[in-house]
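Input: structures, listed below.
One chain, chain A, appears in both complexes that follow, with chain B as partner in the first and chain C in the second.
Up next, the complex of A and B:
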């Protein structure tokens, strides 16, 4: 078993700041939404849709700007770096038609916000499951670049 | 005159090399200009059009990302801004952005029903496979056409200017190098007259090229032709001279000469022969040649002679009688003509001389006209002809012509006393004595009743005294007019020399008469030279 532990350590050492592992798209357990497609997720986070598939309003929550999970989320979802996504929103700032997701300052705030707000939508690393939330979509680690 | 103008222009062009070249260049240049200019115009237009389309494509590519985002977000505001931005270009008249499920944004206007010049499908910025809308661009065709046309015009006008420049340069070069030297050579050639006896002007040109070579060759050819021409002219002049002489011999001959062809027909007859047979009315001037034998009393004999001559190739000499009433005999010499010309093979030449009485009578007539019947000396008419001949001889030899006039003294009493027969005897005797006293070449003429004229050629006038004494000696002896009856006549002699009088026969006779008159007035039996002051010699009687 010794060699397996060694291998995990090596993997962790190589991943660096990048988060390695599945990302869970989650909502409050009181939310009417049980599932969501990847496309609907893209349209929500890139500003095309303003509501959930069932028509109910939604509050999109982003991980902190420099967190590894945020980078992994956008890379896996649309194949863009965080800086590119920032530039995209900056271009749309003047039209006022689309609004970017709300960004939290600390990673641990995401779970709290989601639990308290049934219309909120967010994402978390796979190891941060909790009974207040329900997972509606899983972004697999190997889904990296779409 | 107006209708002639195009013809004279055409003629002028045909005669002028430089005009022909100019016309050819002009025609070619015009053809090139029309075809090439049109093609170049089309090409320039097409280039301009393609360039504009490429530019439009690039401009659309610049805004493609933003347009895709606008379509993705169905953001009409953003789409309007983008389409307005594009449409502000001069090359674009209308832009429309079609957002799938979100509406249509367009800026500018075009004719309805026109299809877009350029369509770009807009893909979703996050999923290349998903189309979110399209952008349609309508180019400003009028403006592009205007641009292309002006480009085409500028290209063509540049080429036209270049073509004109090159044409003028070629014309100038051709004129300097070819037509001007050629024209000078031609002008000099026109002035040359080959029949000029003197030397021919050389053609000169400064060109060292083919024209120079041509001029050199023309010069050598011209001098050769000129020399040939002159020698030809000289030769033909000599031949003409020779021919004239031959004709003179042939036509002027007293003998009849004829040429008989291979069929024994008369081919040619001279004047003497024609007058010989004129009484037979032979129509020799007719085209159809007549047989020679028909002109003779015995035609078969003549035919026989002709064939003998041909067979033996030898001459035949024979007296023949002509046909007709009169007894005319001709002495004939037949001989074969040897000629290199095959057309004249078998020709025979016959020479006739009239030996009949008729000829003798004619001769007698001639003799009677020029001679004195009594003495047999020349009469005045015959004498004058002989004087003229002597004067010509004297002039050609640069000698002297001497003329003496002799008038008998005491002749009238002889006639009166002894009768005319006695006078005739005296005249005959004196004539005989003059003949024996003078040289054969000297001319003795019975000038009048008792007058004689003697003329002769002398080396110089120093001989006149000898002549005078010699003539006086004729009268020394008395003349026996009938047996045992003697009479004495004397002579008064006047002598004229051409050295003093000149070569006019009339003047000479006058001068001799004057001199004789001086003697007649003086002591009668003597001689006097015209121009001398005194009678030189006394009669010895």
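Up next, the complex of A and C:
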């Protein structure tokens, strides 16, 4: 029985782990976008709008599904746990209301995709700045949910 | 979700669509063709195609010797035994971005249905066109939000409970129409407002006393509103439809016989009363979802209005609350629903007595009055998989068990337990 309790604790601890540090919301340096508001970011990542405020199409990129940075991103943005975000997106996707952000399998893929696609938008941990990209919004480490 | 990338354009498939006639059937068909041709030759197209899916593997035990548990009136009842049938299903969805504004979607769902051909298994097949960032038009077989959870009731992973509350969702087993919808979305205040107009028709089958009852809702018109903030969502909807092509082997036989009786018996008036074709049904619903910290509360109320004596008006609602402990949520809900009109009384003393008695029993059989308390847990095992457990205790009034499988309408007042263990996933 003991090992089961341990396993449950490890699972719980793992699923609760968050990334600590600022999160940078970034686009390609060739993107016409220079800034974005938190509201616009929330609307994009929650499937409520499909384009940038100027009407141009956008390709949203999500960090790997189980990554700490993704957990922190949604927690800071709208106070949702990853499990809630996943359930929320299942609802939108299968009713055709919105197309989910494109999820990459490896954390390092985000920067590459962003650099190659001027219409793409994504987020990265603060230490992964790169000259191909520009930062348009910063989610502060201590910034809680609204 | 798998992403396929490819090289050339989809012009061929799109022209296939534009050549098709504009009737809704043709639109649905061409949506299918577009998707089918895209799937087969995915290598040659530039835009990506996504294949995704959802499912529930659920073991349910409910009912007793008189009342058979069913998730909705399209199913046969399960009489006090464990079964995968009521709540298990598997769905696959194919989305193809045909260009920046046009998307095709095909969704197939395998589940327990009275008839299970390809046509019934297609839960969505439409083309969606983004007219501009605020307006979207969809044509084909599209989801319908008659009740707040209608549109995603098949996607167990998307909600905490093992199924939408049976007390009144059980009465409305369908979740789509063949037709079109137009959605408008815009920011309002701190939130987002979206409004949707739908028009079309839908075919249905429900099961009573081991017989299939067919009917169509045509025309079907609906309007729904949704206002969403980060932690609050409000929904309201109204729909109106007419029942057409109602078919039940027993009612048909009965009608022929009644019409053959001499006019002084009143047979033809009784036959007229049993007819459902042309009856107008109206649906009203309100829903709210509120989230604060680890707590989430949900409430809904719905009313169905009808003049049909074999289809009584109905009032139902539920309220639920969940508390999340990291990846585990514990929840409870209460729901209640009943037909709001008593069964019609037959006043035809000149009909041969066994016949009058038989018709009265048929009129009585469509009554429903029940309430349910449910407790359960959802454990998100992985980012795309959740394990759920739920216990329901349902109290059903005497002779008002329309939502249950049964052999006779003369059912006793009952308290029934339903146990469900379910694994819900998306991919």
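The rule we apply is simple: the second predicted complex is superposed on the first by the 128 of 146 C-alpha atoms of A that agree within 3 Å, B and C clash if a C-alpha of one lies under 4 Å from a C-alpha of the other, contacts with A are read in each partner's own complex, and residues count from 1 in each chain.
In the analysis below, a residue touches a chain if its C-beta (ideal position, glycine included) is under 8 Å from a C-beta of that chain, and two chains touch if they have at least 3 such contacts.
Quick caveat, the model's predicted, so the values are computed rather than measured.
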Worksheet item: Fit or clash for chain B plus chain C once both are placed on chain A?
Response: clash
Discussion item. Between chain B and chain C, whom does A:42 touch in the aligned arrangement: first, second, both, or neither?
Written reply: both
Response to the item:
Chosen between chain B and chain C, the partner touching more chain A residues is C
Discussion item. Let me test your reading of the model: by the given contact rule, A:130 touches which partner, first (chain B), second (chain C), both or neither?
Written reply: neither
Worksheet item: In the superposed arrangement, which partner chain does A:78 touch: chain B (first), chain C (second), both, or neither?
Response: both
Worksheet item: Which partner does A:55 contact after superposing on A: first (chain B), second (chain C), both, neither?
Response: second
Discussion item. Tell me the contact category for A:91 with respect to chain B and chain C: first, second, both or neither.
Written reply: both
Worksheet item: When you line up both complexes on chain A, which piece of chain B, out of 4-12, 76-84 or 112-120, runs into chain C?
Response: 76-84
Worksheet item: Where on chain A do the contacts with chain B and the contacts with chain C coincide?
Response: 39, 42, 46, 48, 78-80, 88, 91, 95, 146
Worksheet entry | Touch list for chain C against partner chain A, complex | 1, 3, 50, 52, 54, 91, 93, 95, 100, 103, 105, 107, 124, 126, 128, 130, 132-133, 138, 142-143, 151-152, 154-155, 157-159, 185, 187, 192, 228, 230-231, 291, 293, 324, 326-327, 380, 382-384, 386, 426
Worksheet entry | Partner chain A, residues of chain B touching it in the complex | 66, 69, 72-75, 77-78, 125-127
Response to the item:
In the complex, the residues of chain A that touch chain C are 11-12, 15-16, 39, 42-43, 46, 48-51, 55, 57, 65-66, 78-84, 86-88, 90-91, 93-96, 99-100, 102-103, 145-146
Discussion item. Quick check: in the complex, which residue numbers of chain A touch chain B?
Written reply: 39, 42, 46-48, 78-80, 88, 91-92, 95, 97-98, 146
